[in-house]
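Paired with chain B in one complex and with chain C in the other, chain A is shared by the two complexes that follow.
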Partner chain A sequence: MSAATVTATAAPRRRRASGLAAGLVLLAALVPVLAFLSITQGSRDIALRDVLDAFGHFTQSSSVDDTVTVRLRVPRTILGLLVGAALGLAGTLLQGLTRNALADPGIMGVNAGAAFAVVGSITLLGVSGLGFHVAAAFVGALAATALVYAVGSLGRDGATPVKMALAGAAITAGLTAVTTGLLLTDLAAQQQYRFWQVGSLAGRYAPIVTGVAPFLAAGVVGALLCGRWLNALALGDDAARGLGVSLGRTRVVLFLVVGLLCGAATAACGPIVFVGLVVPHVARFLCGPDYRWVLPYAMVLGALLLLGADVLGRVLGGTGELQVGVVLGILGAPFFVLLVRYARLAEL
Partner chain B sequence: MRLRLAVATAASLALALSACSSDVADDDDDAKPASGASATPEGPWTFTDGSGEVVELDQVPTRIIAHAPAAAALISYGIRPVGIYGDEPVDTDPNLDGVDLTGIEILGEEWGSIDVAKASTLAPDLIVADWWPAEKAHSGLENSVKAKSKKLAELAPVVGPSQGGSILNLAEGYEDLAETLGADVEDSQGAEDKAAFEEARDAFVAAMEDKDLTALAVSPTADLLYAANPEYAPELLDFTEWGLQVVTPDTPDPDFPYWENLSWENADKYQPDVLLIDSRSFEEAKKTVAAQPTWTSIRAAEAGQLIEWPAFWLHTYADYADALTKLTADLADVDDTIGD
Partner chain C sequence: MTLTESPATPRLAARDLSLGYDDRVVVDSLDLDVLDGRVTAIVGANACGKSTLLRGLARLLRPSAGEVLLDGTPILDRGSREVARILGLLPQTPVAPDGITVADLVSRGRHPHQGWFRQWSTRDETAVADALAATDTVELVDRPLHALSGGQRQRVWIAMALAQETDLLLLDEPTTYLDISHQVDLLRLLRALNRATGRTIVTVLHDLNLACRYSDHLIVMSAGRILAEGPPADVVTADVVEAAFGLPCVVVPDPVAGTPMVVPAGD
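Moving on to the complex of A and B:
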């Protein structure tokens, strides 16, 4: 980011809607490009021709290249885009809702709830199989979110941002302690749980993708409709009330949408924290404070970031693959430092 | 920060690995009384540790604390430790299956965690555990173990044979160690076990002579297929020497050379006749691979030629005899024309 841009943002000014729309279209145009890369590139070398052929003659007796293209890369690409969009949006909603610039899905106990449910279902209920784990993770994430909200709403002022952050931290700590305790006593559970320790798009095939896609899609649509509320909340509780926004009801709805997005994303991919943290900042940096623009930007940027990192991990991983969570960590940390250093984070 | 998670993942694999590295015990080392019952020899006592260090003591040690697999080996020669520590609960450790632990204190049932305070009340004069040349440490005292647990090494000298190119290094090493501790090796359960092992090995060798089998040892997980590097799995080197050709992956993970990491896209990179599947997760693995569209791109998998690999835990003649007998039986019907 150049010095010129920095000066420009230092003096906030109204961005024109036509410019913002053009920017969004441009970013959105990158999505099919990236999806194409994601389907043609990977840890296995497949000639472009064979990739294209795979869609033409995919049958039961197809070759390994066909299987890899259609049954591994296609669902992975769809999942990467959906989860990236979901996390970008969820992070934006959370940061707006809690007015905390460092909020990310982890703060809501989502990851801890999903982890607890997966480990609990293995050790206490004895179920196994990826489908069960994903379902358990989703239920656990939603339940933890609800619990955080319930605890955060206790007391006179209802669910204030500070109380929710504290409730999230406390419940995360509690659930993590129990999860660790269960894991330490069960080697088999440790091996199954490894799958959730680092966020990854590998090994998630059609049944998982089709299982979580409706939830993610519903959450994405819901989130995109929340811009007006977030704009009101950004003015402070009193001003929001003055604008006719019911604080309690708004928070419940926003929490529900976040729970849906993060729960489904974490269930499918494990904990992926960086996208939800960084993407909202980039989106605000690009389009200013109006959440009606920040949300669609965050959606597209989230999808691009997650899938882009995944493609990188697949190309750089040799015969194996780097998990997308690892790639995001390597790339994301220095990027975030730069962003904080040079782009003066928007006040929330 | 995610990188640390990756490291943690590797470490947990390593942990599982070393967890499995425990040993074995023999079923009934009957009535040999407490340590060195067969008349503890006069001191001084010397033993060359797996690290190469020569340990000298004025007296022959009698109060021994041993890592679970080492304990199992010693017990088969009638040397009974006063305390043991394991990498997993005593009830599930394959090395302790059938071993009589009456009167032996349990000092740890989780990798990396040893109750050193309790250990010190046993006043040990020797600690016995495998030496890991790659990690330059004895079992249970590796780098990433809690500092508190590592204090075990301050209670008494630590010795043990070295992990290495063959499980027999360990089996023979514990036999030698037991002998220096006063065991009557010739007249022990261990001697019977050794005979059983030799018979099982000869049967294995004979069975392999009739075939031209190649094998790949794997540990399948939901996101990667790990292909074992025999160089770091002594039993796989043994199998190769005895006629079952175990494939060496060409690009093991430089940071964790126990395995080559294969993405599921590359599952068909090696085409062996038979797949040896990590015993630590055998049942789970069968479910994991069922969901992998490319699993059957390995022809051996398509043909159902899957066999349990006793991975990283064998130590004693008794367990090796059982494992080889089972392998020989499992391999009897395997078609050797499936792979490359």
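Moving on to the complex of A and C:
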């Protein structure tokens, strides 16, 4: 009955899909450019030729320049891309799951859980060293996420978006209070904690990167598969169930992926805010409400934003470096204000 | 199409069904066979349990007792996706993300037919095109949903439910917020869809006269139970209306269609 109608609807769909795909390729093409900058720029001035040489003949006894390049800048770049992608995706999943435009990993108790575990392991267990902090933060972030989900799903309707947001806020407040209490009485712990707490890619050596990378990679793949579900959930709980989405199971899976992404990211870099909040908005602004596109866009944009901010911090900071968390806050906040003011952001 | 008694095993049925929220019983041990291939309207006073019954039939609520049967099997025992290929639902207040186009929204009706390994197909494309054509919304495909009028928007939502290609379609007060002419348009559309494809349609309606005019079968609910059911002409009497709505009235034949028309009495 409708061969003509099929053509009428199929042609714009294909045009639109190829436009979105082209945009994604264009954005992805910026990733190697930024990675190149990240490996060549830093507080230590290393000539480009030496950077390139470093890859050719790296051994344990290589020069300082070679060591900085291969042992510091390369893992830092990889971590920046992975963590940025993870936070962009996690923010998108959370905003889609809760249908709350302000949801970011922070409100789900992830940061508070990680911070509590780091401080707890320093003050109560007496462990120190970045590697231990990362492990503790990962466990803490996952535990807090699970706790938020458990508390949020109590009661008749299960884990509704509102209950999850409230549970996240309450558990964040509680954990933060205990963390602060522990820190106030322990000066030595404060010294260690403040370096983890600021949110930074600096000093994350290769073992940390290889430690968290599998979790981040698994989370990224998982997140990219969730677009169909988020598209259905966007129509409301009833409509989503009418379309055959099993709400309980879907929420558990989405929460698990978010926990994996945020837990590993926060563990490796400390709490980095803003990426998870702003990237989904920019992605939706660029490609509309279809999550099968929003997710890959958010992944690439998150990676670009985090690594870009880190490179900028190294260039602006001179010999000192500005932590990526600080750069994101200083540059990101005004940018977001402008975005909200001049570009009409999509509501969920 | 002739109106005969329902066959032995209806596709959708309720057995001793009780539904409620917390301790409050809203639907009370109710038995119901949905007539296959007909348009059924559920009417009743506010808070009589009609929307709750529809939500129960659509497996959005877990029964506190009894069960809903789809093709003879308890509906909650079947996979959610499998049910969604048989039974479609238009909730009372669906939400749409900002900026979504008509084409995108209607395409989302294909969800239960797709999977991670079965993405967009020509079958999906045809289903969407047919749904748009059936609801007369083809010209709107590239428009954002929020730019449409209330009547157009409701047609698009129905197109989404049609794209799901289910044999049964449940609608929860689809005419709310529409003016009288758009209410009539929508009910004509539902009846036309039923007549063209034999799709079973169950809809909760507020307007008794429109329900009489555009449904084959009427279910009048009162206090969580079925007060009366049958063809509108048999069901709607002054006594039934007064018992269900507490409104003294006179029932006269609709001057155009001859279906019962309720006129309030006693001014």
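The definition used in the following text is that the second predicted complex is superposed on the first by the 333 of 348 C-alpha atoms of A that agree within 3 Å, B and C clash if a C-alpha of one lies under 4 Å from a C-alpha of the other, contacts with A are read in each partner's own complex, and residues count from 1 in each chain.
Please note the rule applied: a contact is a pair of C-beta atoms (placed from the backbone, for glycine too) under 8 Å apart; a residue touches a chain by one contact, two chains touch by 3 or more.
Predicted model, so just to flag it, every value in this text is computed and none were measured.
Asker: Contacts for A:Pro334 in the overlay, against chain B (first) and chain C (second): which applies, first, second, both or neither?
Answerer: In the superposition, A:Pro334 touches no partner, neither chain B nor chain C.
Asker: Of the partners chain B and chain C, which touch A:Asn231 in the superposed model: first, second, both, neither?
Answerer: second
Asker: Quick one: chain B or chain C, who's touching more of chain A?
Answerer: B
Asker: Which partner chains sit in contact with A:Asp290 here, chain B, chain C, both or neither? Use first/second/both/neither.
Answerer: So A:Asp290 only meets chain C here.
Asker: Would you check which partner chain A:Ser246 touches, where first means chain B only, second means chain C only, and both and neither mean what they say?
Answerer: second
Asker: If we overlay the two complexes on their shared chain A, which of chain B and chain C does A:Gly317 touch? Say first, second, both or neither.
Answerer: first
Asker: On the A-aligned overlay, A:Gln197 touches which partner chain: chain B = first, chain C = second, or both, or neither?
Answerer: Only chain B is touched by A:Gln197; chain C is not.
Asker: Go through chain A and flag every residue that touches chain B in one model and chain C in the other.
Answerer: none
Asker: In the complex of these two chains, what residues of chain C are touching chain A?
Answerer: These residues of chain C touch chain A: 21-22, 55, 58-60, 79-85, 88-101, 103-105, 107-109, 111-112, 114, 116, 122, 125-126, 128-130, 132-133, 138, 141-142, 161, 164.
Asker: For chain B, which residues count as touching chain A in their complex?
Answerer: Touching chain A from chain B are residues 1-3, 5-6, 8-9, 12-13, 16, 19, 88-89, 92, 110, 221-224, 251, 253, 260-266, 268-269, 280-281, 284, 287-288, 291-294, 297.
Asker: Help me check something: in the complex, which residues belonging to chain A touch chain B?
Answerer: Residues 42-44, 64, 67-68, 71-73, 128-130, 184-185, 187-188, 190-192, 194-195, 197-200, 202-203, 205, 274, 314, 317-323, 325-330, 332-333.
Asker: Which chain A residues qualify as touching chain C in the complex?
Answerer: The contact residues of chain A facing chain C are 1-2, 5-6, 8-10, 12-13, 99, 156, 225, 228, 231-232, 234-236, 238-239, 241-246, 284, 288-290, 346-348.
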